[in-house]
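Following are the structures in question.
The same subunit A turns up in both complexes below, where it pairs with subunit B and then with subunit C.
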Partner chain A sequence: MTWEDTKSLMPLLGPFLAALAILVVGGRKERGPNPLLPLLALAGFGWTLVGVGCLWPLEGAHDAFAGGLRLDGLGLVVALLVSLGGAACTLLSVDYLKRRGRNLPEFYVLVLFSALGMMVMGMSTNWLSLLLGLETMSLALYVLCGFLRDETRSVESSIKYFLTGSFASGLFLFGMGLLYGGTGSFEFRDLGGAMLDAQSQPLIVVGVGFLLAGFLFKIGAAPLHMWLPDVYEGAPTPITGFMATGVKVAAFAAVIRVLSEIYQHEHVGLRDVLWWIALITMIVGNVAALAQTSVKRMLAYSSIAHAGYLTIALVVMRGAVGENGAIDFSGSLAARAILYYLLAYLVANMGAFGVLSYLEKQGGKGLAYEDLAGLGFKHRFLGLVLSVFALSLAGIPGTAGFVGKFLVFGSAVDAGVGTADSSFVLLAVLGILNSLVGLYYYLRVLIQLYAKPLAEDASTRGAPLVGMGTGLVIVASFIGTLWWGFGADFLNLGFGVEPAMRMMQGALATLR
Partner chain B sequence: METLVVLIPLLLLAGSAISGILALAKTRGHEVPDRAISWIACTGPVLAFLFTVLIFNNMGEGQVLVAGYDWILAGGAWIKAGFAVDHLTMVMLMVVTGVGSLIHVYSTGYMKGDGGYARYFCYLNLFMFFMLVLVMANSLLLLFVGWEGVGLCSYLLIGFWWADEAKARAGMKAFLVNRIGDAGFLLGMLAIYKTAGTLNFQDLRTFVAGNPEAFLQGSGFFGVSLATASCLLLFLGATGKSAQIPLYVWLPDAMAGPTPVSALIHAATMVTAGVYMIGRMNFLYALSPTSMIVVSLVGALTAFFAGTIAMTQFDIKKVLAYSTVSQLGYMFIAAGLGAVSVAVFHLVAHAFFKACLFLGSGSVIHAMDGEQDMRKMGGLQRKMPITFITMAVSALAMAGIPPLAGFFSKDEILWKAFSSELGHGWFLWLLGIAAAFCTAVYMGRLIFMTFFGSCRADEKTRAHIHESPKSMTGVLAVLGVGAAVIGFLNVPHFLGGHAAFSHYVDSALMAAGEEPLAAETGSVAVELSLALLSVMVAFAGLMLAWRWWVKDPSLPATYVDRYPEVYELVHDKYRVDEFYQGAIVEPLENVADGTLYKAIDRKGVDGAVNGMARAFRWLGARLASAETGNVRTYVAVMIAGILLVMLSLLT
Partner chain C sequence: MERLIFYVLATVAVAGALGTVSFKNPLSCALSLVVTFVALSGLYFQNDAPFVGVLQLLVYAGAIMVLVIFVIMLLNLPDVQLEQERVSRQGIPLALFLLGPLGVLVISRLISIELGEKPEVNASFGSAASVGELLFEKYLFQFEIISVVLLVAIVGAVVLAKKRL
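And now, the complex of A and B:
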């Protein structure tokens, strides 16, 4: 442990210290929880945000724990996105838990720890720290999913996630074991060299296969997606939002790191497998989302579809041959597209789940499409922002979601045109067609909001005002969705499309 | 000047925001007088129009005003979001802000007393904002943003009376059909970006001029060149937005919206976006003769077929809707021949006479207490003199009677088709002249059925008939005068004019010294005789309409009886809607109903996996004690998936 180590751990310290502090001052049973706890959690995420701000832009990369963690641009972006998501989740939870009568200190502790795990995942450069981050994140999430313990669906969600998640952890471990057997090393970077003669070493190929399966599980890609809708639907709504975004951020960052090693020596089979997975995931997510009657469950399936779009970028990720003959992925359009897409998805999704968490009634009711009927005229602001979030998720120009989709499909076209192989372009075309299908169910939200008469339901009449935390998240997401879709950085605040683009570009500069 | 350029769209955005806030305040129970909303809503467009005129007067020859900022980093280069105003954009700006302002003023009368008064103007201002973004965009990408934005507003405005299920559905149809086109647009854009590395119009043109061979290489799809592929994909987008075959089906349904909306969006501005886009990308289309042929052929076929459908409709707005589709077809004929300035001229003329016709029909519908069926109208000319005169002038203009606007613009298109060196020019001309005949017939029919003969409305409605308020008739008069005189902007050479409009637009599209694309062959004598022929055709059409619908109203019925199959087919719009419904919509709905979902996600996967699942049942049995059977299935599917991944990795 050196000073350098400490410095690179700065962003991680925020959630960690905040979690400890909450455990200490959590409050006594008879007096109820301390009302300042969410503020502590927010302070933890704020620390990380400030830490990222201080360290950015990064000169080179800092290794810590004997190279187990690596603080580079990618790690910082993951820390940034995760703490944004975590802070949003915390703010939403304040109102949500109060209404559900489950406002307990542990909740915030678990959110902080899961965020910590995600950040570790994004910074890890060897299998051990990856597993550490993954398990920290997953264990906390298993509990969070079942936090509404009086509701069957929440408990069901937790147990299902735990069972299938344990299975996925097993896959990870098994894959890591095989890779250690094949390469004699836990480091990602030794995998690149080993891939050279991978064909002759089934051990490595099988190991990569298991690892891949573990990742696919976490991001919710077909055919390892089946747990996802049930888990997302049953979990407390703010947690669903955090799971859908934070886990994706962490897992995709780790996958980018791993793939940038595996792709050092082109193993064609891997791209083919990912190609099919991307396609099937998109189709399954979109088609199943069409049939949903609950908006929350629709968003769960659409989350699968988004994982599919993101997988397209994984398929077409390309690097340039660097000086020492190694392939350098720092300029990869596809990797940059993934990061921007994740940012766009984060804001729109947290916003959408924020609105849903406000609309949700006891027992998870009130989230069917019909419950939104005419709401655009009753709650004009909520209607407007929910429409914008839906349009962004659908990828309509002017929103952040469009920029993300444009970059992902663009990177696929870029990788494909001019080569004899038309499969990349075909995948982009299929992706665009899929997003057309997706438009249908997102627009159903708008139709319900604006084209249907308001259901004369007495319970909506006396609805409480949107709480401050929820309101803050919704407004911030709304601004982010539009600003990262179209905003220029007129005032040099470092906020808008261009700064974000530069950040994603910088994030990959020190990838390897 | 650059500040003014940026201000024009921002004015509309601000207007939309303020109207939106007022609409919000109104629902909260605050008292907001409609007068205040009218003033706020009309200020934006009118000021924008004044600014446009100001820029027009101060713009130097061939000058391009540019204002912008970095938007998306794609590849190594930034795509700039920004505005560029050249002569072509200038013309579009004039149309959008000019006609837009008039329609705003008209709307203050038409929408009076509607519960959603403020909301309506909020959408209408927002629409104009996006339309301005569309025509001022300096890159294909920003154009696409405007393109999607106008679509969205159109959808909001069609479904304006939101309590009405049918109207909401029409809005949905418009939006979905357009997305099919947009998929093509997006792909075309990506292909162009990949080839040229830029989407900026100026850079693209320089690139194409410098290395056309980059676009002439094969695209890898069906052996067509990249230029052809991207042009055709962009054109697919245009067929969606501009309602051409095969994606025109949404426009007639879109008439469900308020009539001023039909006039502004579905006649004068939004639907012409496809023509504008092709004009803008004209340098790329020039590289691909195939795509030019497709564009002009689709235009000609649409002009003809939509013209025949318009002759059989009874809903006054539907007639105008199909006539819009038909007239847009004319514009595409010209655009496909490379005669962009001619296409744009017809666009401008059409904006005037069609807006006037739509607003006039709105005035009629207003007077008839919401009745849109022409069979229940008739004899309105004395009760609504201003509406009658302005509509009649516009109808004559559209039919191509000299010296009204439509004569100059349409005749120029037909001449371009006839004189083009391309082998299919005569065919375009034939379809065009046939469509011109249809135009004269259905326009005559509309005017005669509505304003002549005896009134066929019931007593109650008849008592209600009255001329519309001044805010409406004043606008009609302005548009009617425009429809009459605007043709003189572009008097062709053979009639002693200078084709001033064409020169103005062409100077934006062509580098110095470059000749217009459509080379003309043929002499003045031929041109003159063709013009005479088309005037004769127009008169013949009007005469026929006079004979059938005024002199002897029983005649149409006898012809219908004589050829029932033909009439039914045309009256049912060639049953294209039914075909789409059966072939595309219903299967999609089945998917949405969950058939496919169940098949793929539950039953199918379950079924396919059952075999493997049995092998893993021992594992499932352990899990079963903890939870429902579902988790067992999930894990079984996971394992099956992993096995598949492994197998494909190892083989």
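And now, the complex of A and C:
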């Protein structure tokens, strides 16, 4: 193990050590709610943030552990986003679990381990590491979904996620096996060359198909999205927020890596498949979200729609031909757009689920649209932030969500203009039309908040004071949503749209 | 002769796998899984990987099967319950429609492989030393991450199943 190998472990060690520490400290005989435990979890995520800060910017990528783990910009950005999401989830959970009477140390352990799995997914360039990261993440999330095991919906969510998720892992594994048969290697980078080999091509095409199915399942893209609404609705609210964002970050980073190999040879026709998947996913997510009566369930369906928008960027991902004839995706506008979109989605979504976790009452009630009626006047700040989060998710200018959507649709237009093929531009137009549909259900939240009279039993709603952790997450997400939306970095803190864009560019510079 | 052994072992393995998914009694399923494991182990021996073959016998056919059978016996499922849950046959045409092309593709590829003589391997192939080297050198990181996966599974099982935490 060289020093470089150790360096690549830096982002991962934080959550790992924190989880072990919590298991040891939390396992004592007198098991009450221990305020030290969430702090330990936060320290673990803090370690990752500091580690990423120390390693950034990288001079070059390093394949550590004989290719088992890759230390590069993309992996670091994934670690950064995941640990932000994980820290937010931890902070929200402190108040949430206390109110639900199930404040157990294992919760934080599992959040840390699932974050660890996501980071491994983001840093892996071979199928084995990817699968193990995926399994670490998924196993922890299956349990977290059912953590409120006295509530039927939580258990239902867990079982549904476990059964369908294991099936998806099986698909993934089968695809992996076929690819190994076709290429004789676990490395992503051997995929491109082997695709030209007529002998192994059938195996690779089928293998990629299975892998794609596994990925699409995890990000909740249609037609593999059926599990998602029920799972998201039944899971503890902070976990739903973490699942919607963290899993997407990890899975999309891995897909970017895989596609940058597959797209080396254009004849595979994967773009056409993804084109239709993006379109169907957007339509299914948006249309189904229109019909929801619960805000949490609406956000679950809208997460499907967001997966669709992100898939657009996967379809149009283009690279420049490098010196050695290989296509270099490090300058790809679409890949950068994906990372920015994920950042914007992370802050807005964690914030929105933060507000929901505060409003939620026993048994998962209190999250229907009607329950928000008039809340904007009663809790002025809560109403304001929830509106901003909804507007950001809808993609209204001035919020981070707008910049993300602008980049995604812009990259599609950019890839399509000047070519004879109009399908990319068409996809961008369809995406914009879809986000108009999305506007309807996001604005319904605002209408409930400000245009409806206060419900009668409103006095009993929620705890009188927002807990410290929840408050912190909501305020931080609020600031982030606006800051990454308003372009100019007017305080010069290295924080606005431009610095974030530079960071995403730096992340992709070491892709291959 | 060698090919004959291969076909016998392969057929037994597939038969065992079919039995695993088609028997009604969970214990029969588990026992037919043992058949598959043993046949696979034979295949490893045949392919000059005696250490992997022994591991297959010890770990899968031995330790893991004991666990599986333990769980089945502890759960003590009544037969009636399983009898009622018949697999619906409506899904079969759809499954054939979806998986048929895939099967044709894979099988046609497999048939096209030239069956030649088994390539010579060096003496250390499949030995304990070379397996250990792979585990602790090339796949060290993956090896360690698997222990995290197992830890997550243990913590998760306790959280979900233990009565009083």
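Note that in this section the second predicted complex is superposed on the first by the 492 of 512 C-alpha atoms of A that agree within 3 Å, B and C clash if a C-alpha of one lies under 4 Å from a C-alpha of the other, contacts with A are read in each partner's own complex, and residues count from 1 in each chain.
The rule is short, and it goes like this: contacts are C-beta pairs under 8 Å (C-beta built on N, C-alpha and C of every residue); 3 or more make two chains touch, one makes a residue touch a chain.
These numbers were taken from a predicted model, which means no experiment stands behind them.
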Practice problem: Based on the superposed arrangement, let me know which partner A:206 touches: subunit B (first), subunit C (second), both, or neither? | Solution: both
Quiz item: After lining up the shared chain so the two structures overlap, which partner does A:173 touch, if you call subunit B first and subunit C second: first, second, both or neither?
Solution: neither
Quiz prompt | Which of subunit B and subunit C A:417 touches, first, second, both or neither | solution = first
Quiz item: Which partner does A:326 contact after superposing on A: first (subunit B), second (subunit C), both, neither?
Solution: neither
Exercise. Could you look at A:120 and tell me whether it touches subunit B, subunit C, both or neither (first, second, both, neither)?
Key: second
Practice problem: Name the contact category of A:284: first (subunit B only), second (subunit C only), both, or neither. | Solution: first
Practice problem: Scan A:110 for contacts with subunit B and subunit C and give back first, second, both or neither. | Solution: second
Practice problem: Using the touch definition from the top, say if A:440 reaches subunit B (first), subunit C (second), both or neither. | Solution: first
Self-check item: Partner chain in contact with A:68 - subunit B first, subunit C second, else both or neither
Solution: second
Quiz item: On subunit A, what residues does subunit B touch that subunit C touches as well?
Solution: 202, 205-206
Exercise. In the complex, go through subunit A and note every residue touching subunit B.
Key: 156, 159-160, 163-164, 167-168, 171, 202, 205-206, 208-210, 212-213, 216-217, 222-224, 226-227, 230, 269-270, 272-273, 276-277, 283-284, 287-288, 290-291, 333, 336, 377, 380-381, 391, 396-398, 403, 406-407, 409-410, 413-414, 417-418, 420, 422, 425, 428-429, 432-433, 436, 439-440, 443, 447, 450-453, 486, 488-490, 497-498, 501-502, 505
Quiz item: Which residues of subunit C touch subunit A in their complex?
Solution: 102, 105-106, 108-109, 112, 137-142, 145-146, 148-149, 151-153, 155-156, 158-160, 165
Practice problem: Can you check the complex and tell me which residues of subunit A touch subunit C? | Solution: 1, 16, 23, 31, 64-66, 68-69, 104, 106-107, 109-110, 113, 116-117, 120, 128-129, 132-133, 135-136, 139-140, 142-143, 146-147, 149, 158, 178, 199, 202-203, 205-206
Quiz item: In their shared complex, at which residues does subunit B touch subunit A?
Solution: 23-24, 27, 69-75, 78, 81, 141, 144-145, 147-149, 152, 156, 159, 162-163, 165, 168, 171-172, 175-176, 179-180, 183, 186-187, 190-191, 193-195, 219-221, 588, 591-594, 596-598, 600-601, 605, 623, 626-628, 630-631, 633-635, 637-638, 640-642, 644-646, 648-651
